[in-house]
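Across the two complexes that follow, subunit A remains constant while its partner is subunit B and subsequently subunit C.
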Partner chain A sequence: MTFIDNYPKSAKIAKANFLVAFIALAIGGLFGLIQALHRTGWARNIISSAEYYTMLTGHGVLLALVFTTFFIAGLFVWGVTRSLDREPENMAFSWSWFWIMLIGTLMATVAILGGFVEGSSIRAAVLYTFYPPMQAHPLFYIGAALLIIGSWMAGADWFRSYLAWRKEHPDERIPLQTYMTLFTMLMWYVCTVGVALEVVVLLIPWSLGWVNQIDPLLPRTLFWYFGHAVVYFWLLPAYFVWYSILPKLSGGRLFSDSMARIVFIIFLILSTPVGYHHQYADPGITVGFKFYAMATTLLLLLPSLLTLFTVVASMEHGAKQRGGKGYFAWLGKLPWGEPAFAGCALAGIMFAAGGFSGIINAAMNINILVHNTIWVPGHFHLTVGTAVALTFMAISYWLVPQLTGRKLKNKTLALIQPYLWFLGMTLMSNAMHRGGLAGIPRRTAEPNYSQFDFEAVFGTISEIKWQIAIGGILLTVSLVFFLWVIFNSWFRGERADKPVDDFIPAALSGPEHAPKILDNIKLWVLLAIALVLIAYSVPLAEMVMDGLFSPGAPTIPV
Partner chain B sequence: MDQVPQSSNQSDSNKWLVRILLIIGIGIPVLIELFTFSGLVSSHFFGEAPSATNDRRSETSAKENIPLVKQGDTLFSDTDYPLLVDTLRLEIYPDQWRFIMELKPLWKPNRERSEGVKLTFQNLVTQQQSLEENRVLVWTDNTLDEAEITWILPTGQRPQNAKVTYRSTRQDSLTGTLDIKRHFEFGHVPARYKQ
Partner chain C sequence: MHIHRFERFWIGVSLVAIAIFIATVVIGFSVYDLRVIGAEKTVDPQNLQETKFADPGVRKAEPGSEVDYEVYVMSRQFMFNPGTAEPITVPTDAKIRFHITSPDVLHGFEVVGTNLNTMVIPGQVATFTTRFDTPKTYGLLCNEYCGAAHHVMEGRLKVVSKSQFNEKQLVQ
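Right after this comes the complex of A and B.
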């Protein structure tokens, strides 16, 4: 008996979410390749430079918002169901949030793809960071709003399951996977307030023509209130996998349950007050608040380092169960031939590199050196593009057989895929970081300014472009491998003749060793809200008092 | 007893593949990062400053050791009538680029000795062509007035260099008229976009 046999309704909705996620991954990934080839000059004739921005928006939205949100929804349905041992309380409600998210996604996607249709008035080349002055068709904003509303309902669904479970188990600790799901969603509720206000109060009326002026700073600030915390909304499900599944894949057990809970609490309370670190170059926000954001951002290194320690300790335990010895020799005993393990482990290694470049982004003074350069996409392709995406792909090799009851096919391709991704991303991201040091801008189809030559710190710009293009091609090949393996396993895979191994052993130090205060949801939510109020109440009040639609600052249109 | 993944036997049979993947998939990235690190470190400690390798940004032209003219520089500082480059900019309009240069005398010349100066730009060379148009600036009185020259450039063209003749007429009969011909290379010219 595996997941699909025990929880057939949950398996169905989890599969539906994964299917949408993988379709978005396929389209968004293809867009990414075309962008890389266009920018580096390898293939300038596939799209025009005007269409580049439509493609960039599609790449960002489909991967960073759609792929992640649907995959996370599927993962959390699986995690909450199995850890609480109960299917959703009301399947009609569960399907309603799925359909609302899907309709919103379709609306936003149609608006973006409209940019490829000549003469179409439906366009949304506003990039993933969809704040003014660039304006999208209302369909895009309404679609984005529906995607977020659907995700809120999904969170409510998991809370509902938890509350029903709590009635039956009043004295038990919250199971770890449910705990991680609830804390991720609480963080999501706190941070999406910003983007919801931006979209509903400001952008939709503006795009509908009900108001014709808008203060650029306010929606930008509301976007970044959400825009960095959303990174942790992507990352925490990867942590969910690293804490609860990776130790098992290593052949061992989680080192410390309470460490995992502490890490999720820190992310809940610190994720949102960091948004200003994307606005270091913005006027209109006092430097003191920017400094506060820098401090909270750097504090977020703490849970990442705690995770590094705990996950590596768990993996070492697993390797030693397999006969590993010594300080480092145990690494050789890890199951590097298992695609699910290899992908998650490589994603974790890449995340460490992303953390280092993130420190540069977070620091107010050094940030200016790389602000708005291609360094920044180099950074987030390490974090969301590998730590998150590769973890999601790798764990799919383990989850899809549980959800479909079919064996994984094309195991050799599945094994090559994460290594190829790791290699491709190293090439691409390394070159992007070096390009950023040379000042090459991001978000542009024409990075070569007329009569101006960028200078690489070492090597040449031409070599950097080659590296980006080759990296992009390797990533695409890896993505094709992944989609092929999943498609074949899902739709053509043999029925498993014995249960898929979905057992997750208990932690070495379980919840019985964790202080009960860690499960006090109200306390941590209140603390999170207090820190957000300290960071945002005064600057937002100033911006609102300046006038929502007729501000003192220069307005758009000027 | 802790669980061991069921498919460990299969991974054993794939050991050769795993070794190759580890060497290529992790080994090459490690080499790339080591190479990057050593490149950055050697550039920082042993390399030349980035601007030193760029002709356009350096203080002198690499070819002829001619000083690059930038805004704020002084021309003909070795004469009685040195001229300050008060403005040097490129105004970018949708249909044309304008190169604007504003000069003014650095100080009032000795009226008794000097009758003024005449500056003739004989040509202006861009990347693709030479504009053979004489542009003349004259200062004859004892003022610090600023004078401006504008060239209309083809879109996308930046000024590279110019030939200039400087003629200063002195009442001092010993020296009479002073003619100097110089060749200027332009350094960084800031661009401003205009509607």
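Right after this comes the complex of A and C.
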């Protein structure tokens, strides 16, 4: 018996979400390769430089917004169902959020892909941050709004399951996986208020032509109100995997259940009031608020450092169960030959590197050196592009068999895949970081100029370019391996009663050691809201007071 | 709650590290004068002809001003004025204040290889002050996506020695 036998309805909806996620990953990944080849000048004839921006919009939206959101939805359906031991309360409701998210995604995707059709008026080359006054087709904004609304309903679905469970278990601690899901979604509710207001109140009326000017700073600020917390919306599900599954895959048990809860609380409280750290270089935001955001951002290092401790301690425990010894020698006893473990562990290592460049980004005045250079994609391909994406891919090798009741096929390819991703990302990302130090901009189809040349601080410009191109190719090959393994296992895998060992042992220090206050949802939500109000009420009030759409810039359709 | 003693130690180390990072920024800010841009005045992006941006370029600062020169730069799809057609020319050893805005979409203003790097947002004026010690010509580029030809938006910033700087070229 595995997940699909115990919870067939949940398995079905989780699989539907994964399917959409993997299709988005396939298309987005292909776009990534073409971008890497185009930017570096290795192949500038696949698309035109004007179309580059349509493609980049597709890459950002399909990977950072669609792949992540759908995968997370599938993962949380699985986690809530198994940890509460109950399927969703009402399947019609569950399928309705799935379809709303999917319809929204299709609308936005059509708007973006329209940019490849010559003469089409349906276009959305506004990138995934869609800063006005550049204007996309209304389909794009309406689609984005539906994706968010669908995700809110998904969260409501998990809260419903929790409340129903609570009635039957009045005195029990919230099971850890459900706890992590609920706290991630609470953070998601707090932060998506910003982007929902932006899209629904400002951008949709404006794109429909009901107003003909827009104040660029206000929607940009609302976007970044959401835009940092969204990275934790991607990251916390990876933490969910690292806390609740990785210890088991390493052969041991979670070190501390209470620490996991504390970490999620800190993320709920601090994720949103840091948004200005994406606006350090913006005129129109006072230095004081930038400073507040910086201090909060650096405090957010704490939960990640705590995670590092707990995850490494759990892995060490696992390795020692497997006969590992010494201070470091136990590392060799970890199951590096298992694709799911290897992928998660490599993702964790890359996340540590991403954390270093993140500290530099967070340091307000140092950030200015790298702001909007290719350094920044170098940073987030380590975080969302690897810590998150590689964890999701790796854990799929363990989840898809449970959801389909079929064994994993092509195990060798599955094992090579995370190592290849790691290698490709090492090349692409280090080169992007160094390119950024030389001043090479991001989001630029042809970063070579007629009036000056770049000078590399470390290495040479041509070596940086070939590392980006080769890295991009290796990443794409790795992605093809992943898709092939999943496709084969899902549709052609051998049926088995127990396709993987899906038992998750209890934590070494379990919830009975965690103070009850950690489960006090209302308290933590109120604290989160208070910190958001401190950060945002004054600046937003100032931006709104001179008129919602003023100082107004004229509309510029893309 | 039970916290392992190694974990306590780790929490302590983490907090100290965080404090050091914050201190680094504060020291950079106060001792080395490494600032970031703040909130200055807003302008009406559809009425820039009534401002100094109508006649952009390098100006002598008003007498009694805390700076020596004021530079007004208009960033628009897909050029800097001045900057693209002719370089922005400024002298060494002088306090120079930049004012940059846009009448259309978002742009970036990056002087390559320096920490002169700001967003340009319609409705806002990006203002920062700097000085150059040695003559040098820098590349200038737009680092925020601003439309289909974003990648051609570039220019130069030319720093000439104080003695060779020709004040006759200034905008009056």
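In this section, the second predicted complex is superposed on the first by the 548 of 558 C-alpha atoms of A that agree within 3 Å, B and C clash if a C-alpha of one lies under 4 Å from a C-alpha of the other, contacts with A are read in each partner's own complex, and residues count from 1 in each chain.
Here is the rule we go by: a contact is a pair of C-beta atoms (placed from the backbone, for glycine too) under 8 Å apart; a residue touches a chain by one contact, two chains touch by 3 or more.
None of these values were measured; they are calculated from a predicted model.
J.: Both complexes share subunit A, so when I overlay them there, do subunit B and subunit C fit or clash?
T.: Aligned through their shared chain, the two binders clash on subunit A.
J.: Looking at A:Glu455 after the superposition, I want to know if it touches subunit B, subunit C, both of them or none. Which is it: first, second, both, neither?
T.: The answer is both, since A:Glu455 touches subunit B and subunit C.
J.: When the two structures are overlaid on chain A, which partner does A:Asp501 contact: first (subunit B), second (subunit C), both, or neither?
T.: The answer is first: A:Asp501 touches subunit B but not subunit C.
J.: So, A:Pro515: does it touch subunit B (first), subunit C (second), both, or neither?
T.: In the superposition, A:Pro515 contacts subunit C only.
J.: Quick one: classify A:Arg434 as touching subunit B (first), subunit C (second), both or neither.
T.: first
J.: With both structures fitted on chain A, tell me whether subunit B or subunit C touches more of subunit A's residues.
T.: Residues of subunit A touched, subunit B against subunit C: more for C.
J.: Examine A:Ile416 and indicate which partner it touches, taking first as subunit B and second as subunit C; both and neither are also allowed.
T.: first
J.: Given the touch rule stated above, what does A:Ile464 touch, subunit B (first), subunit C (second), both, or neither?
T.: It touches nothing on subunit B or subunit C.
J.: Across the two complexes, find the residues of subunit A that touch subunit B and also touch subunit C.
T.: Residues 450-451, 453, 455, which sit in both footprints.
J.: List the residues on subunit B that touch subunit A in their complex, please.
T.: Interface residues on subunit B, with respect to subunit A: 2-8, 10-12, 14-15, 17-18, 21-22, 24-26, 28-29, 32-33, 36, 39-40, 42-43, 47, 50, 53-54, 56, 127, 156, 158.
J.: Quick one: in the complex, what on subunit C touches subunit A?
T.: 1-4, 6-7, 10-11, 14-15, 17-18, 21-22, 24-25, 28-29, 34-40, 42-46, 77, 103-106, 108, 110, 112-113, 115, 117-127, 137-152, 154-156
J.: Which residues, counting only subunit A, touch subunit B once they are in their complex?
T.: 248-249, 251-253, 318, 321-322, 335-338, 341-342, 346, 353, 411-412, 415-416, 418-420, 422-423, 426-427, 430, 434, 450-451, 453, 455, 457-459, 501, 503, 505
J.: Using the touch definition from the top, list the residues of subunit A that touch subunit C in their complex.
T.: Of all residues in subunit A, those touching subunit C are 49-50, 53, 56, 125, 127, 131, 133-134, 213, 215-217, 220, 255-256, 258-259, 279-287, 290, 294-295, 298-299, 301-302, 305-306, 309-310, 313, 359, 362-369, 371-373, 438-439, 441-447, 449-455, 509, 513-515, 546, 550-554, 556, 558.
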